[in-house]
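This report concerns only the one structure given below.
Read from first to last, the chains carry the letters A, B and C; within each, the first residue is number 1.
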Amino acid sequence: MRWRRRDTARARLPRGEGPWAWLSAGSVALSLLLLALLLGLLLSRGLGHFWPGDVALVTLEDGRQLAGRAVREEPLPDGSGRERLYRTGNRDLDGAIWDWVALAAIHEVSYPRELLVLERRRWGEFIGRLVALEPEAGPRLEGEAAWSALEARLVALEARREAIRRLREQTIRPLVRRLEREGESAEVTRALAAAEARIGALRASLGGASLVLESVSGQHSIEPLEEVVRARRPNAMSNLDKLAAWGQGVWRFLSEGQRAANTAGGVWPAIFGTVLMVMLMSLLVTPFGVLAAVYLNEVAHQGRLTRLVRIGVRNLAGVPSIVYGVFGLGVFVYGIGGHLDSWFFEASLPSPTFGTGGLLWASLTLALLTLPVVIVATEEGLARIPHRQREGALALGATRLEMLTRVVLPMAMPAMLTGVILAVARAAGEVAPLMLVGVAKLAPQVPVDGDFPFLHLERKFMHLGYHIFDAAFHGGDVQAALPLIYATALLLVLVILMLNLTAIFLRHHLRSRHGTLSSY
Amino acid sequence: MMPTPPTSTMRQRLRQGRDRLATALITAGGIGVIAAVMGIAVFLVVEVVPLFWPAEPPRIRLEALWLPQDVAGLDAPAYRWQPTLADDGGPLFSLPPLVWGTLEAAAWSLVIAVPLALGAAAHSALFMSRRLRARLRPTLELMEALPGVVIGFVAGLALAPWLERHLALALALLLLVPPGLLLAGGLWRQLPARLQRRLPLGWAALWLMPWLVLTWGLAQWLGPLLESQWFAGDLRAWLEVTLGLDYASRNAVIVGMAMGFAVVPSIYALAEDALSGVPRSLAEGAQALGATRWQTLWRVMLPAASPGVLSAVMIGAGRAVGETMIVLMASGNTALMTANPLDGLRSMAASIAIELPEAAPGGTHYRLLLLAALLLFAFTFLVNTLAEVVRTRLRRRYRRLGGPS
Amino acid sequence: MPVMREARPARGAFIDFEPEATSLEIRGFGLRYGDKPALNDLTLRVPRHRVTAFIGPSGCGKSTLLRALNRLHDLNEEVVQQGEIRLEGRDIHAPEVAVAELRRRVGMVFQAPNPFPMSIYDNVAFGLRLQGGLSKRRRDDIVEWALRSAALWDEVKDRLRASAWSLSGGQQQRLVIARTLAVGPEVLLLDEPASALDPISTLKVEELIRNLKASLTLVLVTHNMQQAARVSDYTAFLHNGELVEYAPTDTLFTNPRLARTENYITGRMA
């Protein structure tokens, strides 16, 4: 019977669908491929950065040696073979952290176990060998002894750094604030001096020791131990060790502040700023959006004017975000903020308090920007609720307010939630308006701290999206910062995708629930 | 026995009063919120008006905004936007370069996005299996949600340097992909029926992806060949020498690709709505007469759905005109007026983002940037309203024709 | 006791009641949607503690009239009304009448069951909570009483916390009746309450209606003449927004005065 089945298959497709069918299928495939490519790029570059890859010791034909991690290969400009890019670190010794090597010039590549990678506070990575550790007192340690001493000391060092940081934040900063508020007083000055003395003591116990380093090209340098953040010998690490180091790296990225002009360190302040701003925004946009939607759908006279207003609100969702930023700058910052300053903060003029971009104005601007999203979603939810539910409530003697609060709004809850989540997802990715109303490249103070009133609405804040823009286009060494920018971009995309997935799930849930309802 | 609940008049009054108060508050709040949102237009107009009716004599002539100006060091008058460069001639405010940049970026992104999005919409309305289609929509919705700053970053720092080095490969890809797809179609028809069932047309969007990767591999081989054969071994040099086209690393084509990628999902979603909303009876009637599905689309569905498809493209254009971060990061931001797609550009939105924080409030520069914002607002608002009106009409027409089934 | 009176013999035949026996009085009532007239100059009295049915072809205005009785048209801004409707002698449109209180006194059950998306208990307690001032104990008692009156108690007493949407269609409709009974209405309006139900559920609802008239005035709108004949004491026939004939149910169905009525009940009128 096989021939017959083939026959029906032909019958279903009497002739080809022509070229266009394939071209159109190709456009779907191409779009999906591009999306996959983009996400794959972000994933591999963003996550790969934290993997402590092996460090190669490259010996060139001319006898020169270099050590570094291979980044990528390219064809040589003249087409005579390929060249490889190594990230060699040692900015202080070589002046650059990259080295292009023609493949043909490589004599030998090896991976010696003793190659050391130091992460330093000022000069970035050092790649080379550890010659010796010179303690502040006592004999100089060499070889394996030096390495194990270094590891032990780094742990102690980290604990002391943490202690200093805590002293600064929890003791000194409040004291300084008090000083600013109340003026000089013997008591405060004394407490301050005591704290400073303790920090000084801790500092002193940090230092003294130094490392004698040697790069593979034979240059020697002496590095104070105080400058070292982390030390690793990647070639000696097992895959499990590397995985642990990778997890640690990801965690540090998420939890630490940035170093070296945004080209190293973590993005915690940016995460914090983004989340705080988005939370404030949703606090603002939810009640107002729901209010406007309830008015449009339940209270307003359903005439031509309401219809026009509805179309208008819907179309505001398509107005470019930068226009909202302009509005925020002109009205909130220069208008309202300027007046607030001249009324309440005259003392600190001409340096503005609210008359410059800040957390409050950014949240307000984004709330305005996302208002149409919330209004439209809530209105859709309200319109979906069957009329007989409202009549049922009214027929039981409910007033309109009671009908709304007890029956209609609870039923519209998933729709509202969907709207708010979509608004949050949109706001988290918006950067253009923030550039006008309050985002900062580097905010010295987080908008939340222990000083009254704890939440500082007038302060500038950092933002993941702006961090990407700034590090990519205003940083000094973009190449060095690139892996971190990829990681940041990946983080931002993941957060936004997660929010959107939640919204899609909610909407689906909502539809299926109302589906059963309307089947009666 | 009937336990009647208590009905106290006091409580009755309280409830009534509360209801009235709430209604009043909702009305006031609702109107307030809507007025605040609509206030954007009012604010922009109020701030821009002094530019045209100044209280004090204007420092620049307004017609100069639209006409070529005398530029120090140049013989002929030219269009220049140099708001902060105040050497001998003072700042130069000429809007055409910005308008040009905006439109050029939008045009290139539409050139990229429209074929992709409409092709995808047609494919999913005509051929795609129902299950795949149900998955595709949310996937493309996620694509729409990708933040501009990420797309801009990848375009500016990964795509632009890559394209600069692999111009020939890109050209080869452009030449190979369409015939490659047609070849796939031709080969598919030669397959035995069993394999055809394994690789149905409804899922072609998925199984064509490896095919495209294969095409990529072919292009990688063909690219250098092409370059050495026709372009004297260096396409970029050939462009500069033979065609006189300067190649800027971040150029209009890069912007077009990135922004095209960003607007594909919105065009797709609306166009697909319009196409799949065409009453089934119409399409089935045509197919009963022996038309292929593509002929049905071309002769029956597209004429019926064309306003919807048009409005989808319009909304895409609106997005492309106002998108800021992608242009900012992928365009180089040079205010040029050239038709060369391989040169940089500067859009109005990007200018606002860069220059407004530094412009003195109330000054000419500030008001000009607000004028640019007003133009953006008016353009997108008009385009979106028009698209909305078209779509409402279309829905009514479908309902008359028998409703979507 | 009812008195037959030929009010306007030329236009129709109407039964009338003494004011003391009247629950609802409709006097010269007209209603239009925008420019479209729906009801025209209706006058009738609905007797207390009886079942009165409104019958008539679709679009005759019977549901519109029913909804006017507890002012549900207030929601629709297009609706223009004239004439009077009196509940126990007082005009329901008088400014001092609180519409929420009126709707509590004149309960309504709709064509399709519309339980709220909450538990069975909460549905019945919904109206009680609005009124407030009840102890939990007393509320529980009223909920039980209402569910018993609606002949639903035995079926749901073990799952009062279950979602009302988990009930079958017939159970849902009885739940809605129970919900309405719980707030202690004087009049119960039923808008084709059984049209969405299967035959067995229909019988249960009809039996319920007969039992309820001991304590309530019931007004039933139905397009099902057998149903009107089975459950109602009086029947009003409406056509094109006008009252054609209003008589004791057996009289109207066995011996209609007017040819128009006869045509309709014998099925000769489409």
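The rule we apply is simple: a contact is a pair of C-beta atoms (placed from the backbone, for glycine too) under 8 Å apart; a residue touches a chain by one contact, two chains touch by 3 or more.
All of these numbers come straight from a predicted model, not from anything done at the bench.
Between the interfaces B-C and A-B, more contacting C-beta pairs are found at A-B.
Comparing the CA-atom centres of all chains against that of chain C, the greatest distance is found for A.
If you average the CA atoms of chain A and of chain C, the two centres end up 62 Å from each other. Each chain gets one centre point, the mean of its Cα atoms, and the points for chain B and chain C are 57 Å apart. A separation of 25 Å divides the Cα centre of chain A from that of chain B.
Residue positions of chain A with contacts to 2 or more other chains are 399, 402.
With touch defined as above, residues shared between interfaces to two or more other chains in chain B number as follows: 15-16, 19. Within chain C, the positions touching two or more other chains are listed as 100-101, 104, 127, 130-131, 183. Within the complex formed with chain C, the residues of chain B that make contact are 1-8, 11-13, 15-16, 19. Against chain A, the residues of chain B that register as touching in their complex are 15-16, 18-19, 22-23, 26-27, 29-31, 33-34, 36-40, 43-44, 47, 115-120, 122-124, 126-128, 136, 138-143, 145-154, 156-158, 165, 177-178, 181-182, 184-185, 188-189, 192-194, 196-197, 201, 204-206, 208-209, 211-213, 224, 233, 261, 264, 268, 292-295, 315, 318-319, 321-325, 328-329, 349, 352-353, 356-357, 361, 369-370, 373, 376-377, 380-381, 383-385, 388-389.
Only residues 70, 72, 75, 77, 100-101, 103-104, 107-110, 112-117, 126-127, 130-131, 165, 169, 172, 176, 179-180, 183, 196 of chain C touch chain A when the two sit together in their complex.
Within the complex formed with chain B, the chain C residues making contact are 98, 100-101, 104, 127-128, 130-134, 138, 141-142, 145, 182-184, 215.
In the complex of the two chains, the chain A residues touching chain C come out as 301-302, 386, 388-399, 402, 406-407, 410-411, 516-517, 520.
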